[in-house]
Each structure stands twice: as structure tokens, then as C-alpha cells.
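You will see subunit A twice below: alongside subunit B first, and alongside subunit C after that.
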Partner chain A sequence: MLRYSLKRLVQGVITVWFIATATFIAMHSVPGNPLANEKAVTAEIRANLEAKYGLDKPPFEQYLIYMGNLARGDFGISFTQQNREVNDIIREHFPVSATLGILAIVFAGLGGVLWGALTALYRNRLPDIVIMFLVILGISVPSFVVAAISQLSIVNLNALFDMSLLPVAGWGTIWHMLVPSLVLGLGTMAYLTRLMRSSMLEIVNADFVRTAKSKGLPATRIFTNHQLRNAILPVITVLGPSIAAITTGGFVVEFVFAIPGLGRYFVQAVQQLDYTVIMGTTVFYGAFLVFMVIVVDLLYGLVDPRVRLE
Partner chain B sequence: MTEATFDPKDFEPIVHTRQVQSISRPSLSYWQDAWIRLKANTRALVSLYIVIGLMAFTILGPIVWSIDPSLQDLDQISIPPGADREATLVQSYIPWDGTTLLEVSPGLRLAEPATTQSVRLLWDPIDGLSGYRIFRNLFPVGPERALGLPLAENFSSRDVAFEDRLDLRPGRYYYSVLGVNESGDESGYLETLVVNVARVITFDEALSRGLIDETADLKEGDTLTLGLHPLGTDYLGRDLLARLMSGARVSLFIGICAPFLFVAFGVIYGSAAGFVGGRFDQGMMRFADFVVALPFLLFMILFKIVFGIGPGESGIAPMLLAMVILLWPATARLVRGQILQIRQEAYISASQLLGAKTNYLVLRHMIPNTMGVILVTLTFAVPSAIFTEAFLSFIGMGVAPPTPSWGSMCNEGIKTMLTHPHELIFPALLISITVLAFNLLGDGLRDALDARMRSTE
Partner chain C sequence: MNPVTDTSGTAVAQDSFSKSAGRQLLIYALMSIAGVGLLMVALSWASSLTGASAGSQVAVDPKLNMITLTLAEEPPQLNSTLQTDTVSGMVIGHLMEGLLRYDHNNDLAPGVARRWENTGTTATFWLRKDALWSDGVPVTAHDFVFAWRTVVDPANASEYAFILFPVQNAEEINNGDMPLEALGVTAIDDYTLKVQLARPTAYFDKLMAFSTYYPIREDFYNQTNGRYGADADELLYNGPFVLSRWVHGANLRMEKNLNYWDADRIRLDVIEFPYITSDQNALVNLFTDKKIAYTTLGAESLETALEKRWHLNRFMDGSVFYIEFNFRSHRLTHNYHLRKAMQLAIDPAELVYKVTKIPGYLPAESIFPVWLRGVDNFFREEYPAPKVTVDIEAAKRHLAIAKRELGITEIPPLVLLTGDNPISNIQSEYYQGAFKKHLGIDIKIDKQIFKQRLAKMTSGEFDMVLAGWGPDYDDPLTFGDLFASWNLNNRGRYNNPELDRQVHIAQTEIDPRTRMEAFAEIQRIIIEDVVVLLSYERGVVYVTDPRLKGVVRRQAGADPDFTNAYIVDIAN
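Coming up: the complex of A and B.
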């Protein structure tokens, strides 16, 4: 277990290095000079920036400087905002995105398992048909449309009751988080529901379930202790990729609901061509996702004793 | 001893009178069998028809509905589908001095019938005020006193006329006049007037838009019918149906081309790795693992910046390239796995014993036998490519305006969602239908083509 974890960790570090290198190469192939179109940059600042990033040096030396900075956890200074370090930006905006993402994952996970189990139990009956119809809708409708429609519904709902039931946009209280995280988790929830349904259908008639029934266990106990626990395993394996989907899905939700998260900041940085912020957030997100996948894999080994980690 | 007598007939072969073995059904090829299974699946079949319908909408649509998608109809901006298309002919604009032709009634009132040419407001002077502020709202003012757009401020209590000519559209407006006292604060005076604005068009405008010709015998007050827009127009007055068709070309082109390209690359890469095997395979798959680890959407955006969009370019080619660079590994892995599996099969050994060369083996046996899996991957890749295009265009990182795509149309539509929801609904609906159809078709194909992958539904 320990050896396996270490191996995965080393692999993860190499992957992050690959991501950082790809980002560096990508950003250095962007046509134009990052300092050329910056009017506010004076000669001294320019000289300082060139010295810091070694912009006057050959690309390989720049790469070494960049990697050195990254290794020390220094993502650099924003090009468009004065005196703002990329680390500050991440520190300030990532917790918002993370809160939103965790809530979304919780919604998606709980909802997916619950609906999936329900549809399997009521196979081909009304609850199954209704839920699976909604699931297909959830998979087919883009998140920005769901976000827009739910925002529109909040506006109409507030107008209908002539009071502010839920905030339309922004961030701060738990009420601000409710709708955006639901919207963000919806696609994943639909996907997990499908997965849970098929995994549950395989287990409904498994030998151990029949044994439990013949032992005379109550149906609820069979459901919670035998069926659910076994059917949930495939759902856990896709949690890693789901985290990635929810993280990037956050861009749109943060954009529509005006939430000051890192995703919205990244989109903004891209629009303003803020090189350091783009590179910093990309590497940060990449590293985050790589390690989330590792964590989920290790977790899977703990949850399912049949999985041998080697 | 009797002599045996033989008749020559005895040496004729016995004719089979009964067929021992019969083939009750015609033999079916893999693809024929798959087609029969697919036809039995109603959902998949309906999806297939929808996909064909979408293709027709994209390819034949512009022939049937041949309006230029970039043409602006300035008389009909943000018009919902099925809106009134009548316009009344009027004289050219004549400046107003604040006097009235209508009967004078007290309070805030119209000096003349409200038209899209101008809305002329009059109200009664109130002594002691130092001026008035005039506002216009699209929605009822309500208890929060949402007055809307500030239009002007009059700096005298006797100055009680206002003419609005700012971007007027046919429809209902809520005009408010707010009294301002000496210190510049709001006084208690607030009056709101609901104004229904009628669409008018002058002779000159009608001539220049080609609605009438010089010889037409029309007089003031006659009604004209403006151009038809079955699905309405967008915020620049462009025909939504024409834009949806033209956007379909972009969205479906990316949605179908990108999967074809990256699946093709993945097939070549995966079959090479799977067939050669050993160190080469290890190295190639390790590289694929790294590419998989790249956060997809972030790198899509990065590549969009790198490849850049020059002036006048639509940005479709960079998006295709970025998708191919990032998305091939999944197919490569899948095909490699299949090839490794097939390599163990007896028919491959048989073929090798008969002297088949590597190329023949790969092209004749291995790739055709993975075709089912590849086709299913392809079908599922289409909706995700359409999603990606829509997502990127939505955050402004995709197809560059003025080229329409469903995603960029959603992006434009969301800004006017509250007042003109049709601009968002139609492209969003098309994206959803397309994605849904391809997903269901993919499910059906998977069930029809591959028994091992058959879903448990």
C-alpha cells in the first residue's frame, strides 16, 4: 500500500512536470511579446520583469528559471494587475471555487447514488421512467443553459412572491451557493445516476443478495448493507474524472452567476492575456486534478478490499 | 446358380428426395445483423432520423431559407417569433418644440401618439422644484421604484417636455418623471406613464430597405408588412433561423470533423502500439497517459491563444487542431487494447500460417474487427465535441464573431435573456437535441454492434 502510494505520488509529480512544461511551451509559442502591448510598464519595471523571468535569455534558460520558481511554489506576478502575485490570486479565489465544487460533488454523489438506486429498484416502472428521462435531459443540456434557465427561474420566482427568496447572483451566504452548486453538479449527477443504475441492476439478483433474502433479512437492511454498498463501488472510481469535470464546469457557472472563483479569474486572465496568471492557474489546476485522481484511486483501494494495490 | 441380372438403372445415383439440412434464414454479415438490431431499437432509430434531419437542416436549410445570416433588419431588432410585422408609414422626422397637438389632460401625458420615431412626453409644472429627471424602464416600476434607464434631466421647473428618440422598439415602456429639488435630491414628485410604442417607418427608410419602390402609390398612415423572420431576430436584427442554419454548419462541422480526426489518429497510434508491442508500446502508452493528464478545457483555451485568431478568421481550424492534439489518447488506448486481444485469436494465427503479411493482418483483420468499437467511440465523441465547442464559444474562447455557432449564439442570447428569451432558447434547444440524438444513437449502436458492451437496460 505504502509502496503503491509512493509510486503513484512520483508518477503524479512527473505528470505535473509534464503539464508545467507543456504550459511553458504553449505560452512561449504565443505570437508577440508579453511586455510589448503593456503601456503602463516603465523602463525600470520592464528591466525588473526581464531580469526576474530572464526574458532576455535564451528559451531554455527561461524554462529553467520558470521551473525553479515553480519548484519553490512561486507562480509569479500578474501582468495586468499591479503588485498582485499569482499565489495571492489563487489563495483568494480558489477557496471559493473549491467550496462550490465540493458542494457540487456532494450533491452529485448523493443524488446520483440515490436516484440510481431508486431507478434500479423500480425498474421499468414510473419512477424509473421519469428519473431516466430527467437523466437524459441532464446529460444533453449544456450547463450554461441550465445555469441561465435556473437564474431566470429565480428571477421569476422572486417576482412571483414579490420578495427576495434566493439571490440571483453573487457570493457570500449559503443561499448564494445553493443554486450554482446544484447546477454545477447536475451533469455529473445525471452521469452517476446512470452508472449507479446499471451497477445496481447487476447486483439486485446477485447470489449474496439471494442468500441475505433467504436468511430472512428485512428488505431495507438488504438494500442498505448489501446492495447499496456493493453497487456504489463503480461510482467511486469515476469520482476522480468527475472532479475534473466539475472543476472546469465551474468556469461557466461562475461566469453566469458572477461568483468570484478561480475559474472566472482564469477566463478573465485569458481575455486580458495575463501570461503569468494563465500559466499559474493552468499548472495549479493541473496539479490539483492529478492529485485528486490519485487520492480517489487510493481511496478505492481502501473501500474495496478486492482491489489489490500494487 | 442363378445369374444376377442388372439393370443399367441400378447404377444411377439415388436422387435425394428430402433435404437433410436447410438454412432457414439467410446468412447475415456482422453489419447486417447490427443494422437489424438497430432497427429494432426505436429510440436509436428516432435518433438516427433526428441526426439525418439535422444534416438536412444544415445542408438543405440555407437553400430553402436563403436569407443572409449577417444581414441586419434594422426595423426588427430582437423580434420574437410570430411578432406583428406591420409598420405604419409616416413623414420624416420633424423636430418638436414642446407644444402639443393632443388634448391637454393633467399629469404626465403623451403629446403625440407614441411611435418608434419619437415618444413626446408632457407634464404639469410644479413650483418649487429645480428640475425633473426622466427615466424609462422595460418593466413595471414596482414598489422598489426601479425606474430603469435615466434618459435626461431638465433643469427648470417650467421645462416640462421631453422627447425620447433613443433606440425605441415597438412594445411597452414605463416612463417615469421624478421631481428634483433645490439641493439636487429627489422630491416627492414621481409620475409613471405606461406607453405603448407603435412601429412606424418613413418613406425614405422604406425605400432604402427595398420595401416599396418609387412608383408605389402609398400615403401616410398606410401599413407596410416588414420582412418575415420565422424564429425572430437577434440583438442586431439578424435573422435567427438563417443564423441557426449557418451556426449548425460550424457546430456540426466541428462536432463531426474533430471526432473523425482524433479517432483516426488514435486508431493509427493505438494499432501501431498494440501491434509492435514491447518497449515501443510501453513508451507510446506512457506518453498517451501524460496527454490524458492535461486538464482538457484549460489546454483547449491555451491552444486557442497559441494558434491565435487573425482578423477575419473564424477560429474553427485552431479549435479542430487543439481537439485532435488533446483527445486522441482515449481512442488510442481502446484500439490498443482491442488489438492486443485480437492478436491472441486463432484466426490471426491461421492467417499468419497461410503467409499473411503484417499490413494485411492489420488492415484486413484487426481494424475491421475493432470497427464496431471505433464507431461507438466516434458516435459518443460527437456530442462531447459539440459540447466543447459550445462551452468554449460560450465563454468567448471559441468561434470568433461574426461567424455564428450555436455556442456563441447562446453567449449572445444570455445577455438579453430577461427581455428576449428566444435568442437563448433556440440555439440551446438545438444543442440539446443534437447532443441527445447522438447520445441515444451511440447507446443503440453500442447495443447493436458489441455484445460485450451491451448495456443492462
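Coming up: the complex of A and C.
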């Protein structure tokens, strides 16, 4: 177990290094000057700006300097927000995105398992049909539409009761978290519901379930220990990539609900060609996802004793 | 026969299984909800530790004398020497004050200076003694000397250093040819500031309201270790408000500056900015929900606004948009008759009224927008622009001459470089259609995102480019020198000695009439020589809460301006 974890960790570091290098090359290949602005500046000011950000050096030297700083955990200073360190941006905004992401994952995971189990129990009956219809909607409607519609619904709801039931946008209290995280987790929840349903149906007539039934075990125990626990495995498998989708896909939700998360910086940096922020957020997200995938794999071993980690 | 008894038996067993399993599932669901609730409480507690705040809950609060607004983006920069964008400009305009300022009628009014004089070669400002920094220390002439030296310091790399170039030696210092101390500004004493001008500058007093000219106190600046303006407590204020909270990317709070010399004029106590977003839906929803007191409306929101019977305000934001030609000699657009043919084939009025259809927009008839002032009245009333009317026949004649001069039978596709936004898309498609229909010229639209478009504009990889210009200061020169051969923003490299001569007159003459006549000449040349194809002057539609009055909009300077705003309590 320990050896396996270490091995995965070393592989993870190599992956992150590869991500950083690939991003660095891609970023520098994109045409356009990161320091250019709507108004042209004189050659002298341009030179001073480039010197300030180290862009006057040849690309390979820039790469070595960057990697050196990265190894020390220093992401540099943002190009567009000239007084802010990328480390500060990540430190201040990632917790917000993470909060949103954790809630969304929890909503998606719990919701997916519960709805999936429910539809499997009531297969081809009314609850199944209704939920599966909603699931199709949830998977196919993009999150920016869901976000806009749910925000409009909040406005109408508040207007209906003539009081502030839920906040329209912003961040800071429990109520600010509720709707955005539901919206963010919705697509994944729908996907997991389908997965859980088919996985439940597969084992509903499995030998061990029939054996358990014929042994006369109580229904609740068969359901929990034999059905749920086995059916949940595929769900956990896809949870890893889902975390990736949710944490990096939060941009739209953060934008619509004016949430001060990291996703906004991630996307804006690319548009603005803000080199240090692009590198900082990409490497950070990359490392985060690699780490999460390892955690999920380890978790898999705990849930399913048949899986041996070596 | 069906084995009836068998199936019913299984069904009963199955049914009782689902019933108890369903009950179990319900228990799990309830446990999940409780768990999620606990998790949310824990997360909100954790996030309150990081300083995020919910901010205010109402658009207008008459009791606290507070209004709530949004910002389109996080201010990238609150250091007045480095600021370039309009969001930061708006925020800084509420926090700081220059020697002069614009009042509620957009007239120049005394700021830190109570009296001033511009003789053409020198300008003198007499500072008021009751102007204080937010820590109670008086604002002195030395603070201006320090700030201006910082702006032109090449090491500071300010992108707006050029706006100080009317000051003697500013350009040389900025190029690194002279020491900072050579800057033509001196503090005669604590309350007298004398400026040597590099050339007679008629509009120098108007520049004093511009944020790059704002004061900075040296001792405070030095103690911030290069982080001046990075946080609320890394900034010293001398304007109507102070920044009492700045959670990056999340919210800002301005409170009335009790040390401000004209504090009696300021009627709001608090301005909250709890939302940072430019999403139109979010803005409209927040305004509908009475969470914000003011918002601009995009074209897509106008229908909603009309449905809700909001009172719409219109405002020209001061910028003018046009197509710039590439005058580099290897480009076909170098040819006058080709440009003339294109000018005669398009109609800005059609573009504005039939294609874009956004209220508040005006068809552009001159590079000088309508709001600029001339000698006694609006410049465009005193010096109307030469009229261009659509004339397809004449356009075709010019096209024939162009082909002959260029020695080609067919005009190859021309590249139109544009940005990637809805209005640019509509516009470029309109031009593409019009040129094809009337002249048979194919237009290749080259759509690029911001930095890539800039790169191509700078290197000249275009025949035509959709461009626009917003004013830096309230004088026609802010538009007038755009196509001077030395101007770096002249991306098409237009070069006309006569236009350069007129720009020079406008820059150095003091007499208003002489200057305005030079601008009239520039206006004529730009239209007659078809330096650009004029598109539109941009308008803005905005709504304010009925209880909020006194919001001032302006073309040059901090906009919108809430420093004169106040709340009327409508009893309902």
C-alpha cells in the first residue's frame, strides 16, 4: 500500500512537470504579446515592462527560471494585476472554488446513488420514468443554461414572496452556496444516476443476492450490504474524472453567480495571455487533479477488497 | 394458461422487498440531507475565516445612507501611475482627487488646487490648505512632484506616461535620457506648484483631472515596498471616499472620507460593491431583485427592461468606432480610389439603425464625436463634418480607376481584422455584405481574440481593421492626433504631412479658434482622404434605482460618478 502510494506520487510529479512544460511551450507559441494593450506604448516602456517580467530573456532561459521558481513554490506576479502574486490569487480564490466543488461533488455523488437506487427499485414504474426523463435533461442541457434559468427562478421566487428567500448572486453565506453548487453538480448527478441504475439492475438478480434472499436475510441488509455496496463501485470509478470536470468546469457557474472562484481567473488569464497566471493555475489544477485521481484509486481499494494495490 | 399463482407470489415477495428497501433508501436520503446541511455549515464557517463577506442585501439603504453596485471586473490596478482601464479609473476617481476635478455638470472645478493659471509656457497651481490625506496629513505640492516623477520614471514602466509629455522633459526622462529631477515641475512652497511646459498646451488644466496626474505621498509610497495600491491598506486617499475593504475578486466597500476637504458635498456614506460580474443576465437579475442600484444594459437585456417598464437612461460613452485602413505600400488599401469606392458604398446610418439597432448609438460622421466642445459651443456644431452620401455609381467609377491604377482586373479578397464579440460580428458581416453587393469585393473576416488582434494590428497583418477610440481627456486633441505619422496607435501607418502640420498647430497653439480650425482641417482630411470608414459613436443604456439621484456620467474621466449621488426616500 505504502509502496504503491509512493510510486503513484512519483509518477504524479512527473505528470505535473510534463503539464507545466507542455503549457509553457503552448503558451509561448500563441501569437500576441502578453504585455500589449489597447493603447500602444513606446519601445522604451515596452522594454522596461519586458525586463520587469523577464520576457527580455530567451525562451529557454525563461523556462529554466520558471521551473526553478516553481520548484520553490513561487508562481510569480500576475501580468494583468501587476501587484498580485499568483500564489495569492490561488490562495484567495481556490478555497472558494473548492467549497463550490466539494458541495457539487457531494450533491452529485449522494444524489446519483440515491436516485439511481430508487429508479432501480421502481424499474419501469412512474418514479423511474419521471427521474430518467429528468436525467436525460440534466445530461443534455449545458450548465450555463441551467445557471441562467435557476438564477431567473430565484428572482421570480423572491418577487413572488416579496422577500429575499435566496440570494441572486454573490458569495459569503450558506444560502449563497446552495443553488450554484446544485447547478454545478447537476450534470454529474444525472450521469451518476444512470450509472447507478444500470449497475443496480445488473446485480439485482446476481447469485449472491439470490443466495442472501434465500438465506432469509432481512431486506434492508440485502439492500445495503449486497446491492448498494456492490453497485456503487462503478460510481466511485468515475468520481475521479468527475472531480476534474466539476472543479475546472466551475467557470460558467462562477461567472453567472458572481462567485470569486479561481475558474474565472483561469479563463481570463488565457484570454489576456497572462503568462504567470496561466502557468500557475494550470500547474495547480494539474497537480490537484493528479492528486485526486490517486486518492480515488486508493479509495477504490478500501471499498472493494478484491482490488489489491501494488 | 398463465401460471397465475406463481407470479403473484413472486410479485408479493418482490413488493415487500422494494418496500423495505425503499424505506431504507428514504432513511439514507434523510441522513444525506442532514449530512449535506452539516457540511454546508462547516464550509460556510471555513469560508468566513478567509474573509469573504456577503456584503449588503439591498440596492439602496436610506437608513445607512448606503448604495450597492457591481463592478464589471476586479480592478487590476489602484496605483494611479499605472492604471489604464476604466474600472480601476472609476474606483480611483472616487478615492482620489487631482489638482482639478469635474463637477456634476462636467465642468472643470477646483480640486486640491483652489486657483490656477496657465500662461502657455508655465502653469501655476495654488493648493488649498485644508486638503488632507485620509491619515490627516495635508496634501502638498511635493506630493504632486513625487507622483509625476514616478509616472515618467522609466523603471515604473507606466503605459500612460505619454499623458505627462506636455510637462517639460517628461518625454526625455521617460526615454531614459534625463534624470527624474529634470522634470519641469517644482514645489515653490508646500502650497504652490509650478509647471514648466514642454510646449504651449491649451488643454493642460483639463489634464489635471486625469488620474495619472493624481498626487502620491512619498513616505507612504516607499513604505509599501512596491505594493502601492495592491490592497485597501496599501493606499492613501485624498478623495471623497476611502476604501475600507477590498477582498480581491469578491467585493469592495467605499466609505465617506471624513478628512476630505469638501466632505459636506458628499451625501452618501457607504458604497458597497459586493458583486464582481459583467454577465448581463446576472446584472439584470440583481437589479430586478433590488440588490443593486444601478446597471448598464446590453442589447440583449433591453426587451426585459421594456417589459418591466424601467426608466431607461441613454448616454454617449464618448468613444467612436471605425474601420482603419492599412496604408503600408504593399497593401491594396494604399490606393485612394479603392478606399473612396468603399466609403461611397456604405452607410453608417443603415448600420446603426437597421443592423445593430442598439438604442443610444449614433452613426459616426466624424472622427470627433458629438460631445466634444469647440470655441463656445459643441465642436461639431461649430465645424460640421463634410457630408458623405451613398453613391453606388460614383463608387463603381472609383473602383474602376483603382483597378486601372493597381493594374489588376479583379480586386482580390481583402482581409478585415476584427475582435470576437457580438457587435463586431454583426458589423463585419454588414460590411462584408455591402462590399460584395455594391462593389463585388470579397471581404475575408479575420476574427481574433484580444491579444492576437493587437499583435496583428501592430505588425500590419490586415487590409482593414475594426477599431475604436475612447477619450483620455476632454479636448478634441485626444482624437485629433490619432493619425499623426508619429502616433503609435496609428496602426495603418497613415502618413500625411499636411495632417501632421495641423496636429502640430492643435498641440502648440493656445488660441481656441486657431486650434479648432486645425481640428476642422483634420476632420476634413480624414474624411476626404478616406483615412477611416466611420461606423458609429457608442451609446450606453443604463437604469438606476428610482431612489438614487445625482449619478453623473461623463466621457472623459471617472465614469459613472457617484460622488454627487444621494438617496431620496420615496414613501411607499
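Just so we're on the same page, the second predicted complex is superposed on the first by the 286 of 310 C-alpha atoms of A that agree within 3 Å, B and C clash if a C-alpha of one lies under 4 Å from a C-alpha of the other, contacts with A are read in each partner's own complex, and residues count from 1 in each chain.
What we mean here is this: a contact is a pair of C-beta atoms (placed from the backbone, for glycine too) under 8 Å apart; a residue touches a chain by one contact, two chains touch by 3 or more.
Just so you know, these numbers come straight off a predicted model, no measurement behind them.
Participant: If subunit A is used to align the two complexes, do subunit B and subunit C fit next to each other or clash?
Facilitator: Superposition result for subunit B and subunit C: clash.
Participant: A:L110 contacts which: subunit B (first), subunit C (second), both, neither?
Facilitator: In the superposition, A:L110 contacts subunit C only.
Participant: Hey, is it subunit B or subunit C that touches more of subunit A?
Facilitator: Greater contact footprint in residues on subunit A: C.
Participant: One more residue to check, A:V290. First (subunit B), second (subunit C), both or neither?
Facilitator: A:V290 contacts subunit B only, not subunit C.
Participant: Looking at the overlay, does A:S140 come into contact with subunit B only (first), subunit C only (second), both, or neither?
Facilitator: The first partner, subunit B, only.
Participant: Quick one: classify A:F18 as touching subunit B (first), subunit C (second), both or neither.
Facilitator: Only subunit B; A:F18 stays clear of subunit C.
Participant: Looking at the overlay, does A:L152 come into contact with subunit B only (first), subunit C only (second), both, or neither?
Facilitator: In the superposition, A:L152 touches subunit B and subunit C alike.
Participant: State whether A:V30 touches subunit B only (first), subunit C only (second), both chains, or neither.
Facilitator: A:V30 contacts both subunit B and subunit C.
Participant: Examine A:L273 and indicate which partner it touches, taking first as subunit B and second as subunit C; both and neither are also allowed.
Facilitator: After superposing on A, A:L273 lies in contact with both subunit B and subunit C.
Participant: In the superposed arrangement, which partner chain does A:Y63 touch: subunit B (first), subunit C (second), both, or neither?
Facilitator: neither
Participant: I'd like to know which partner A:G170 touches here: subunit B for first, subunit C for second, both or neither.
Facilitator: Only subunit C is touched by A:G170; subunit B is not.
Participant: Choose the clashing stretch of subunit B with respect to subunit C from the list 271-279, 307-315 or 361-369.
Facilitator: Clashing stretch: 307-315.
Participant: Take the contacts of subunit A with subunit B and those with subunit C, and give the residues found in both.
Facilitator: 30-31, 148, 151-152, 155, 255-256, 271, 273
Participant: Flag every residue of subunit B that touches subunit A in the complex, lowest number first.
Facilitator: Listed in rising order, the residues of subunit B that touch subunit A are 143, 289-290, 293-299, 301-303, 305-306, 308, 383, 387, 390-391, 394-397, 410, 414, 417-418, 421, 424, 428, 431-433, 435-436, 439-440, 455-457.
Participant: Show which residues of subunit A lie in contact with subunit C when the two form their complex.
Facilitator: 30-34, 36-42, 44-45, 48-49, 52, 80-84, 88-89, 92-93, 95-96, 99, 102-103, 106-107, 110, 114, 117-118, 121-122, 148, 151-152, 154-155, 158-159, 164, 167-174, 176-178, 213, 218-220, 222-224, 227, 255-258, 260, 264-265, 271-273
Participant: Per the contact definition, I'd like the list of subunit A residues that touch subunit B in the complex.
Facilitator: Touch residues, subunit A against subunit B: 15, 18-19, 22-23, 26-27, 29-31, 136-137, 139-145, 148, 151-152, 155, 162, 198, 201-202, 244, 247-248, 251-252, 255-256, 266-267, 270-271, 273, 278, 281-282, 285-286, 289-290.
Participant: Touching subunit A in the complex: which residues of subunit C?
Facilitator: 16-18, 20-25, 28-29, 32, 35-36, 39-41, 43-44, 46-48, 50, 52-55, 57, 70, 74, 76-77, 79, 82, 84, 154-162, 174-176, 226-230, 234, 247-251, 274-277, 279, 281-282, 285-286, 288-289, 291, 449-452, 454-456, 458, 488-489, 491
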